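Labels for the chains are A, B and C, by order of writing; each one numbers its residues from 1.
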Amino acid sequence: MSAPDTLFRLAALNTAYALAIDADRLEAWPEFFLESCLYKITTAENHRRGYEAGVIYADSRAMLLDRVTALRRANIYERQAYRHIIGMPSIQVETAEGVTAETPFLVVRTMRDGQMDIFASGLYLDRVRADATGALRFAERLVICDSPRFDTLLAIPL
Amino acid sequence: MSAPDTLFRLAALNTAYALAIDADRLEAWPEFFLESCLYKITTAENHRRGYEAGVIYADSRAMLLDRVTALRRANIYERQAYRHIIGMPSIQVETAEGVTAETPFLVVRTMRDGQMDIFASGLYLDRVRADATGALRFAERLVICDSPRFDTLLAIPL
Amino acid sequence: MSAPDTLFRLAALNTAYALAIDADRLEAWPEFFLESCLYKITTAENHRRGYEAGVIYADSRAMLLDRVTALRRANIYERQAYRHIIGMPSIQVETAEGVTAETPFLVVRTMRDGQMDIFASGLYLDRVRADATGALRFAERLVICDSPRFDTLLAIPL
């Protein structure tokens, strides 16, 4: 792929990913990942220190689906609305195997009473590959949150 | 148009649209629409329920100009500054007739004393067409706001 | 360059610029500028009035490096995290000499205790040129902040 084409496809992937979450189509969220994948939410500080553990950790699409089920049971998600604003990806390495990219993001939360605040900001560290159908999917998405507070990280997929 | 080309043209349209509003060039805002168009601001909740009515509603460029005149008279706009941050569009359907896209947005408001907050976030549901000169314009822009509070939606074009 | 290609390259430049700052790789920041350049932070109000002076002003890469040294000494930066979210550029003029563009930005700040707020929003007014190696660099970056408060503008490069 040419560089502009790759950037375009990554940006389209990110936008579709965010729209699925923000429209509460959580069941579609695992589809953005390969069956064998790594999804992790962690803090910038823990990432810097090389801690492997994440606040949220999943290494398969099945685990991501389990997480959605848990969120549906907890039912926290419906009380507020989220809006991801995702910056343009910075492509790091591109090979026949796929592409790695770093992408800044921001999530705004709106409460039922209209109160809005910044829920999260940070960086996606992604490894993206085309699946058998040619569609781009995440082999790895590390969500590095700027905030050191873990409690706010648990409500929705980032 | 190729897909990357469409995406870039939509992104350029959105950026120019936002710059016109944020630089207080409100009189240029209706020019981003076709003469016969639909512009509507509504809440996510009302949109989900299928309510046709919007907080703001206009179905022609002339009505958009009327709205600008009203805003100039109310003179609310000059007391604060707004900044749109618009995500990359997600192209839904593209035909010879035009393209439909969903695009996340965020608006930050800065008060005279420097206080900044999130004024609005949401989703643009757009139908875009080239006019006779080949320039892209909105045949339809539905602004779906995450917040259920109507009062905050009335200050500027979103 | 074709328009999509230019837009792609500017967006990539902006993303890399923001990642360097937000990852605290401040020493890499001056590298995004030509050796002889103009970098200025000012307020929208002062910019409108034509005031030449900026809150921050540098007209060479060496001056930008001095600024980084001063920031390292002040050591303010490490107590909080910043996240730039940069919109797509609006290309104004493109010639053989380079390209001018206007680009909206937003910076979110996260304090050590997890408190997040909007630190700055505004517009980049850029003049970008390819250097001898073909890499794009800023000949000029004017940072026009929406907020009239100067004190908040002094912590990090915007």
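Quick note on the criterion: a contact is a pair of C-beta atoms (placed from the backbone, for glycine too) under 8 Å apart; a residue touches a chain by one contact, two chains touch by 3 or more.
Please read these numbers as outputs of a predicted model, since none were measured by experiment.
Participant: Would you mind reporting the rotation angle for the C-alpha fit of chain A onto chain B, rounded to the nearest 5 degrees?
Facilitator: Here the rotation carrying chain A onto chain B measures out at 120 degrees.
Participant: Same or different for chain B and chain C, when you check if over half of the residue numbers at their contact belong to both copies?
Facilitator: different
Participant: Measuring centre to centre with CA averages, how many angstrom lie between chain B and chain C?
Facilitator: For chain B versus chain C, the centre distance works out to 26 Å.
Participant: For chain C, write out the residues touching at least two other chains, lowest number first.
Facilitator: Only 4, 8, 85, 88, 106, 117-118 qualify.
Participant: If you look only at chain B, which of its residues touch chain A in the complex?
Facilitator: Residues 3-4, 7-8, 44, 85, 87-91, 102-106, 117-118, 120-123, 146-149, 152 of chain B touch chain A in their complex.
Participant: For the complex, which residues does chain C have touching chain A?
Facilitator: So the residues of chain C in touch with chain A come to 4-5, 8, 11-12, 14-16, 18-19, 22, 81, 83-86, 88, 106, 108, 110, 112-114, 116-118.
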